[in-house]
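Across the two complexes that follow, subunit A remains constant while its partner is subunit B and subsequently subunit C.
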Partner chain A sequence: MLPVFDVVLAAAILVSAALALWVRDRIAAVSGFLVTGLLVSLSWLRLGAPDVALAEAAIGAGLTGALLLRSAHRIPCAPSKALPPSLWCAAGALAIAISGAIVWTVTSFGAAPVYPSLVADNLPESGAQNPVTAVLLNFRAWDTLLEIAVLFVALTVVIMVAPARPRTAPLGPLVQPFARVLLPLTVLIGGHLLWQGGHAPGGAFQAGAVLAGGAIALGLSGVIGSKLTRQNGLALLAIAGLAIFALAALAAEVLTGALLGYPAGEAKTWIIAIESALTLSIAATLFLLFFGPAERH
Partner chain B sequence: MISEYAFLATGAGLVGLALLRLATSADLLMRVLGLNVLAVGIAMLLLVSGMGASGTDAVPQAFVLTGIVVLVGVTAVLLALAERIAEDRDE
Partner chain C sequence: MTAFVEALGLAMMLAGTAFLVVAAIGVWRLPDLLSRLHVLTKADTAGVALIAIGAAIHVQDVAATLSLALCTLLVAVSGATTGHLIARDQFNPSVADAEEGA
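And then the complex of A and B:
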């Protein structure tokens, strides 16, 4: 039964992606992209990667879809000149060749993977029972530090470019009931994902994305006033994640002589402290990436 | 086994579709969307190749997670730049 489900799911992903890429109406294209993202996250559950599926649903489909929707009417359509058929054929042939080469490479690659046994052997000392969290915040914490730096650079560029702020639509009398449901739910799910990340699927990125998604919904409905988003506090919170992670790396260097080598037996405390800081900082960063910085000068 | 091949074909298909769209479109928003589909396809390939008897390899999973977060930053920057380009053309 499940192979049938997988084949249908795979076909649905391809069809919705093709729709998203070729449909003329932009709102329909972004909706198609959202559907593709959700179907893809379902397929990643089937591939045994629930952490990544959560992140794809929250960040890849949710927040990226919101960003694309925000920009859909602000970026004018390019004048559509019909391409000569020869160019179309060449591009199509090249795309098919690349896809074929990928399939051939993956199917003919026979070497046994080296990472699973290494991860399994070192998991007890890592301070996390979830292997993905262990890789992200202990074995390859250096990558995650640089990833936070990338988010920081992206925020800097967005603040310098300063796109126009999205227009908010106040909900009127519905604001209170909406916020009463959304706010506790967001905080609860975010906190749960963060805490759960140590031993089950979840973690700082998923939790931060959920918090950011809730904050963006509240911001768009006019609950979070523009005064709050204009304060520098939010930008400081966004930067704090990188600062705390970098400080932790240096502190670990002083204590153990290895960059990001946590002291033996205390890894769990370090990871939870870093993850908590990252969650708030990622939420603030994603919120600012959507709403843009203060008013343009 | 069938599932694995289905998702492998999906990953390769997504990469092909996105490359075709990127090569034939001059529309800035569609290019950003195409880049996102391309990244999803590549992530799918990484996850499929990380599948094994004892569960999916955690290292490619961590790569894909990092990639998703980096991609949302890249998307935000590209869209901000595209909006700014559109404004400057209007003036």
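And then the complex of A and C:
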């Protein structure tokens, strides 16, 4: 039964991706992209990677889809003349070359990777029971610090480009009851994902994305208006994650002599502190990426 | 007893899937936006609720049942709200136009 499901899933991913690429209507294309993202996150689940599935569903499909929908009206219409065949051929050749390289890499991967056993052996001293969190916040915390820096750079670029903020209009009598149900739930689910990250799939990125989703729904419903988004406090919150992470790295350097080498036995406290700061900061960053920066005076 | 409970859960999930299939056929075959919304929002919520009940019967676990109830609640609330918003836009398109011209 499950092989049938997998084949149908793979076919559905290809079909929805093709729809997203070739449908003429822009909204339909974005919908195709959203469906592709959801199906891809299902396939991550089938591949046994629920952490990636959560991130893909929340950020890849949800928030990226919202950003694309927000931009769909603003970008001028695509040129009606078709792309030259040479460009199509070049893109096709590139895609085939990349797929070939991936297939070659996977098939030539003789020995089993050493990472899983290394992580499993050292998990008890990492301060997290979830191997993914142990890698992200302890063994390879350096990489995560740089990822947060990338998010910060993206926000900086958006602030410099200063896009027009979406104009929100009151959306009718049903939206406030909707927000009353939705917002407490996003806070609850965000907190749950953050805490769960210690021993099961979850963590700061997923929790931050869920919080940002709730905040964006609230912003779009016009309930908070643009008053809150104009405050610089949100931008400060957005950069606080990177600042606290970097400070923690330096503090660990002073305490133990290793950058991001947490003091023995206290790793869990450090990880929870960093992840909590990151959750709020990621939520603020994603919200600002959607609504545009605070206005300069 | 367990065989009966399992069969009950399976029947619930099958009924839910049937609702979703009907919703899909409705979106595909019905002529205009409002009738499509009508079939989608109602059959969708009923289908997801039935599948969640069937799954809850199968797992027989309080925490998992609560998660399933939460999923059902979110689908029901967001389905009803987005259906309302889309229908409202159909009758009163000025809101969307204002955003488009922003």
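Keep in mind that, in the parts below, the second predicted complex is superposed on the first by the 270 of 297 C-alpha atoms of A that agree within 3 Å, B and C clash if a C-alpha of one lies under 4 Å from a C-alpha of the other, contacts with A are read in each partner's own complex, and residues count from 1 in each chain.
Keep this in mind: contacts are C-beta pairs under 8 Å (C-beta built on N, C-alpha and C of every residue); 3 or more make two chains touch, one makes a residue touch a chain.
Keep in mind the model is a prediction, meaning the values are calculated, not measured.
When both complexes are superposed on subunit A, subunit B and subunit C end up sitting side by side without clashing. Counted by residues of subunit A touched, the larger count belongs to B, out of subunit B and subunit C.
Once the two complexes are overlaid on the shared chain, A:14 sits against subunit B while remaining clear of subunit C. In the superposed pair of complexes, A:185 makes contact with subunit C only, with no contact to subunit B. Contacts of A:108 after superposition: neither subunit B nor subunit C is touched. After overlaying the two complexes on the shared chain, residue contacts for A:174 are found with subunit C alone; subunit B is out of touch.
Nowhere in the superposition do the C-alpha atoms of subunit B and subunit C come closer than 12 Å. Common to the subunit B-facing and subunit C-facing surfaces of subunit A are residues 164. Looking at the complex, you find that subunit A touches subunit C at residues 73, 164, 166-169, 171-172, 174-175, 178, 181-182, 185. Contact residues on subunit B toward subunit A in their complex (touch as defined above): 2-3, 6-21, 23-30, 32-34, 36-37, 40, 43-45, 47-52, 54-62, 64-66, 68-77, 79-84, 86-87, 89.
Partner subunit B is touched in their complex by these residues of subunit A: 2-3, 6-7, 9-10, 13-14, 17-18, 20-22, 26, 29-30, 33, 36-37, 40, 43-44, 46-49, 51-52, 55-56, 59-60, 63-64, 67-68, 70-72, 74-81, 83, 87-88, 91-92, 94-96, 98-100, 102-103, 106-107, 109, 113, 115-116, 119-120, 131-132, 134-136, 140, 143-144, 147, 150-151, 153-155, 157-158, 161-164, 203, 205, 282, 286, 289-290, 292.
Within the complex formed with subunit A, the residues of subunit C that make contact are 70, 73-74, 77-78, 80-81, 84-85, 88, 95, 98-100, 102.
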